[in-house]
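Take a look at these structures.
Presented sequentially are two complexes of subunit A, the first with subunit B as partner and the second with subunit C.
Let's turn to the complex of A and B:
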C-alpha cells in the first residue's frame, strides 16, 4: 500500500514537473514574439547625429535582428535546448553570465526576507494568542493591515528619511560602505548587515503583515477544534498544544501562499532595489526591457519563471508530505 | 529559545552594529564621490556608449589632445595631452603629431605611435562595431569605413607620426582626436571578441586615474595613478562613482555629505539645496533644448511614398502662429524658475561666435497668431471654437515620451494656449522606445521632445532635407538655402566664414520655424564645497579631474 502510494505520489510530482516546464516554454515563446512585435528597436540607441546608421545596421546584423522573426525563434529554441540563452546586446556577454551576477544577490536577499516573513509572522501570531487580549489583537490586526497597505516605495523613503537622514543610524543606499575593504572581517559582516536592515524591513514588512493575517486566522480556527479542547482536558500544557498541534496544523494553508510569495521575491523586487541601490533581478529585468535587450529580457523572464515554478513545486511537495488526507485522496 | 534570550541577542546585535558603524576608518578625506544613476557595462573605450561610460573612459584613456571650453568664443581650444605638439601642413592635407615620451600604460609599457595607429584601426573596424564606427571619412577608408592605415598614417618614429586626410575632407582637431587604447594588450585579441575581452572589466589605461575596483551596481573606484604623466601632487587619491538609481536617494546623500557631486538636480530642489552651506549649485545650461515638432509633411502620404505638405503644419506662417500662441515664458518662469532660457533656433547661446544675436524670439502674441491663421485660411466659420479649413477642423494630437515632468507640465500649458486660439490639441504619452520608433518612421503629426547639442556644433543630421543625411530631421524640414549652407559648412572654410554661415542658417530657420523651439533646459549641478578647481563648462562636468583638489 505504501509502495503504491509512493509511486503514485512520484508520478503526480513528475507530471507536475514536466507540465511546469511546458508552461515555462510557452511563457518564454510567447514573450519572444511579444517583445519583437512591440514598438521600439534595440539598435535605436546606436543612431545619433555622430554615429549615423552604419553602426546600427552592423549591430542588427551581428545579432541577427535583420533575420525573419521565425528564423530568430528557431535559433533561439535550438540554443535554449543547448543551455545557451544568447548574448546580451547591452552587456555583450552571455545572458547566463549577466544573470548570474544579479541572481545570487536576489536569491540570498529574498530568502532572508522570506524566512523573516514566516518566522516573524508566526512569532507575532503566537504572542497575540498567548496574551489573549482583545485590544491587543485588534491593534496588531489593524496595524498589520496598515503596514500591508503602505506601498513599498513610501515605506522605503520614510525609513530612509527617519533612520538614515534624521537619526543617522543606517546608510541610505548600497550593499556595503566604500571603506569596506579596509574593515576587519567581523566589521565587514556587520557592515553588510547594517546596509541590509532598511531594505529588509521595506521588503519584509508587507509580507509579515500578510502572513500574520493568514496564520492568525488559521490558528484561531485550529484552536476552536474539538481535539484541542480534548488535549487541554487531558492536561497537556498550553506550550505543547501550541507548538505540537496548533502551529503544524495552522501553517498548512499557508504553504501555497508562501510558495507564491517566495517565487515573487526570487523574481526580483524592483522598487526596493531602486530605492536602496541594490543589484537585483528586478532592476536588471526592467533595464533590459527599457533598452530592448531581447535576449536578456527572455533570460530574466526565464529565470523568474523557473524560480516561481520551483517555489510552487516545492510548496506542493511539502503540502503532499504534510497532509496525509491529500495522499489518501490520491490513493482513493 | 525563550523571549528573554531572544531579547538579549537582539540587544547584543544592535550593540555590535553600533560598534561596526564607529569602527570604520574613514578615508573620505582623499576621496571624491560622484553619484551616477546607472552602472556602466564596460570600461572598454571602444564600447562606451552611455554618458557614464564615456565620462569614465575619458578619464582612463586620454586622447592625443585635450580640450577646454573657451567661454568668450563658445568654442573648444585644444591643448597638448598625449601629443605634446602638432603641426598642420600648409594646405591642411595632413597633420604631424609629436608624442610625449613619458606616457606609460598602467602595466608599465610605454605608449608609442603604434598604440595610436592601432586605436584608429580598431575604432574604425566594422567587425568591432565601436562607438566611433563610421566616423572616419576624413581619412582614407575602404568601402566599409575601415581606415586604410598605410594610406592614412606614416610612423616617423615611436613618438612622431603623420596623419593624411582625403582631398575634400574638412578635418578638425575635435573630430580627429580619439581615445588611445593599448596595442600590446588588444592586438592579439580577435576583433569580434573585443567586446567581451577582460579589458572591459580590468582595463590597462594611461589616464590620471586607474580602475581600482568595480562592484557591479554599487560603485566604481578609481585610484590616482602616480605613474601617470597627468598625475600632480595634491590630486584626489580616489574618485568614486557611486551608483544610486533613485533621485531622492542621491539628493539625500548629497545633503548628508556621503556624495560630493550630483548632476541633473530638479529645479524645485534648488531652493532648499542652496540653504546648505557646504554645497555649491551651478546651472550648466545650453546643451539641451525642448521643442514641439510639427511634421512639415503629411505622415499618411509619406507612408505610401508621397511627400506633400502637412495639411495642418505645411505652411511656415501656421507654424509661426503656433509658436506665438505658446506662452513659453510661463513655463520658464513657473516651472523652470527662470533657470532655463528661451530657445530661438537649434544654435545654443553658448556658441557665442556662432550665435546670431539679431534673431529675436517670436513673442507670445495670441492675437497675431490668430491673424496669421486666418490669413492661412483657418477660420471658425461654425463658431464652435475650433478653426477649420476646407472642412477640416484643426484637431491635432501631440505625443511625448513618459517620465519627464517638465514635458507633462508644458503639455498642459500648450494645450490651453492653443485652445484659446481655436486649435484642439490632445496629448498622449508614449513609452520612449515606441516614441522613437514612430519618430524615425515620421508617423506623428506633432510631438514634443528634446535634443542634445553636440560640441562642436553639428546641424546637418537634424535639418538637412535629404533623409539619408538628415536622419534626425523628423520634422521633414526642407529648404534649399538651408541645405546649401549646411553643405558649405562641410567644406574648408575659415572659422569666421563658418560663424557667418551659422548665423545665416539661424535667420533662415527662424523664418521657416519648422518646429517650435521651446527652451534650453537647465542642467543644475550641485557639488560639495570641499572640491576645488572643479571647472564645469558646457564641454563637460567630469573632465580634467586630475586638477581637482580637496579642501577639508
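Let's turn to the complex of A and C:
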C-alpha cells in the first residue's frame, strides 16, 4: 500500500497510526450522530440559557447551528479535531480547559494503580510458584476469582466503613486535608498518600486478581516448556530461571490484555472517584450528567475515547518492539 | 455414577424448604386462582380488570412451583445436568433461579410498602414489631368481583394499606392502647374485632431488617434480584442476537462487510464502555428499557469475534456445503447449521458477559443512572444505604453480598464450563 517506507516495521506503524486516526474520526461522527438522534432540541446540547446570549451566539456560529445538518456535521468534526468541544454550562469555561484541569489527576491515579496491579500480580504469581504448594495455589486462584467478583463500589463502601468509620485510620473522602496549604512539603506528600490509600486499594484489587490469572497461566505455560527443563538440567539456579527467562516470556501476552485493561481501569476510576469524592474525570463526567451539562459530558466521553485509542496504539508499538513476528498480525 | 450430593437433590431441598415455610401463601394463591376462574365465568368484564402483572406473576409462579418437581422427574433423562455433582457456585446459581422464578411465593409483601416510619425505620435484622390490623367495616353483601378484589389484596399485598398499624408494644384493656416511640395512641377495640370475636395482634418479623423508609429489606432484596437478573438476561440476549447476526454476516460473506464490521467492532472495543453507556443514558434518559438496550449494544464485540471465527471454520465443513447446495436460505443456514455448532463455545462467553452486565447494571444504579428509583435493584440499594452506613450496616451488607456472590458464582461456573469445553486448559 505505502511503498515509500522501506522497512515493513515502519509501514505497519504508519498504517496503524492512520487506522487509529480513522477510529478517532469515527468516534467523533458517532458522537454527532448520538446528539442528533437523542430526544429534545439538538441545539440544547451546545448552548443553554446559563451561558448568556452573547456567548450562545458565538457558539451557535462556531458550530453552524443555524445551517443545514451537513454543515453542522462538518463544523462539529472540525471543531472537535481542533480541540474545541464547546463551552461548559456550569463552569462557563471552554470544555477543554475544564477537562485539562481534571484529567491530570485521573491520569496519575490510574497510572499508579496500573503499576501496582502489574507488580503486585507478578510478585504474587512468583510467590505462589516458588512455594510449590498445590493447596496454596488453589486457594489463591479461588480467592483471586472472589476478589475479582467484588464490584468497586461495594469494596469502596466496605473499606470506608471499616477503616474510616470504625477504625478512623483513613479519611472518608477528598484528596487533601483542610490544613494542607500550611503543611511542610514532606507532610503534604504524606497527606496525599494518606488520602489515596483506600481509593488505590479499591481500584487496584480487581485488577491484581485479573492480571494474576493471566500471569499465572502464562507462567505455568512457560515453566512446562522444554528450554526451562534444559536450563534446569544445565544447573542454572531457580532464581535466574524465574527472573531471566520465565518473567520476560510470561509478560508478553500481558501487553495485549493491558490495552483492554485500560478500559476497565478508566471505568474503575469513574466509580472510585465518585465513592471517594476525588477530583478526576470520572466524577466530572457523573457530575456533568447530573447537572445536564451536555458539552462537558460529550467532552469527557471524547477525551476518554481518545485516551483509549492512544493507549491501544502505544500498546501495539510496545508489542511490536518486543516481538517482531507480530508485524503482519497487528493490522488485522 | 459417583454417590454424593447432586444438583437434583439441591433443587428438591429448596423446593421442600419453600413448600414448608410458605405453605399458607401457596394455598392462598391457589384459592385466589380458582376464585378468579370462578369470577371469569360469572362476571367476565370485571375479571379482566383484575388481570394485572402481580396477579399473573403470582399465578404463573404457583403453577410452575407445583409443576417443577414432576417436570424434572419426567424429563430426568433429557436434563442430564441435574445429575451433576453440586458445588457452591452451581448451588448459588440455582438458588438465584428459584428466587427469580418464585419471588411472589417467597415474599408476598410489596417492596414499596412502608408504614409508621417512627416504629419501623432502620430496624436491624431479625427484629420484629407488633402489628394491628383494622377491620374494614363493610357488612353489606358483596358482589363476586368485590369479594375477589378484597381477597386479592389480602394475598398479594398492595403498596398502600391504611388498615395496618405497626407498634412497639400494645396493651389491651377496654380500649386498645398502642405505643409508637413512647407516644401512646388509643383505638376503639371494636375496630379490631374480626368475625371470630378476637383481637388480632400479630408479630411482624423482618428477617433482614428494614431500610430508611421502613420497608422490608428481605422483600426488596428478592425483588431486586429479579430486576437485576431480568436486566442482565435481556441485555445478554440482545448482545447475543447482535453478535451472532453480525458475526454470521462477516464470516459468511467476507469481503467489504467483513472489513466494515471489523472497523466498527474496533471502535466499540477502543472505548471505555462505561463512558459510552453513561453518555447514552444521559442523552436518552434512563429507564429499565434503555438500560437493557444500552447494555445490550455495548457487549456484543467478543461474541462477534468468536462467532466470526467459528463461522469461518464451519464454512469449510462438508455438512455446511451440503446444506448450502440443498438450497437452505441464509436464515435457515444460521439457525439450523451454525447455531447448534457454536452454542457450546459461545456459552462460556455468554456467562462472562452476563456477569459483566449484572455488574454494569449495579454500577449504573449506584451512580443513579440505572433502573431508577421505581424498582429496587442491588446497585440502588447499596447507593441509598451508603448514607446510613454508620447506623445501618445491613443496608449495604446484604445487597453487596448478594452481588458479590452472584458475580463469583457466575464467573467460577464460567471457568468450570470453559474447562469442560476446552480441555487444553486442564493443565
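Simple rule for what comes next: the second predicted complex is superposed on the first by the 269 of 332 C-alpha atoms of A that agree within 3 Å, B and C clash if a C-alpha of one lies under 4 Å from a C-alpha of the other, contacts with A are read in each partner's own complex, and residues count from 1 in each chain.
We adopt the following convention: a contact is a pair of C-beta atoms (placed from the backbone, for glycine too) under 8 Å apart; a residue touches a chain by one contact, two chains touch by 3 or more.
As the structure is a computational prediction, the values presented were derived from the model and not from experiment.
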By the touch definition at the top of the document, which applies to A:216: first (subunit B), second (subunit C), both, or neither? neither
Which of subunit B and subunit C A:277 touches, first, second, both or neither: first
Would you sort A:38 into first (subunit B), second (subunit C), both or neither based on which partner it touches? both
Who does A:150 touch here: subunit B (first), subunit C (second), both, or neither? second
First (subunit B), second (subunit C), both or neither touched by A:290: both
With both complexes superposed on chain A, which partner does A:300 reach: first (subunit B), second (subunit C), both or neither? second
In the superposed arrangement, which partner chain does A:194 touch: subunit B (first), subunit C (second), both, or neither? first
Tell me which partner A:179 touches in the superposition: subunit B (first), subunit C (second), both or neither. first
Starting from the residues of subunit A touching subunit B, keep only those that also touch subunit C in the other complex, and list them. 38-39, 45, 157, 160-161, 165, 274, 290, 292
Complex contact set, residues of subunit A against subunit B: 38-41, 44-55, 58-59, 62, 90-93, 101-102, 157, 160-161, 164-165, 168-169, 171-179, 181-184, 186-187, 190-191, 193-194, 197, 273-279, 283, 287, 290, 292
In the complex, go through subunit C and note every residue touching subunit A. 262-263, 266-267, 269-276, 278-285, 355, 359, 362-363, 366-369, 379, 382-383, 386, 389-390, 393, 396, 400, 403-405, 407-408, 411-412, 415, 427
Interface with subunit C, subunit A side, in the complex: residues 19, 22-23, 26-27, 30-31, 34-35, 38-39, 45, 142, 145-146, 148-154, 157-158, 160-161, 165, 220, 260, 262-263, 266-267, 270-271, 274, 285-286, 289-290, 292, 294, 297-298, 300-301, 304-305, 308-309, 312, 332
Flag every residue of subunit B that touches subunit A in the complex, lowest number first. 16-17, 19-21, 23-28, 31, 33, 38, 41-42, 47, 49, 126, 129, 131, 133-135, 145, 195-196, 213, 215-219, 221, 240, 242-246, 248-249, 252-253, 255-256, 258, 431-434, 436-438, 440, 454, 458, 461-462, 471-472
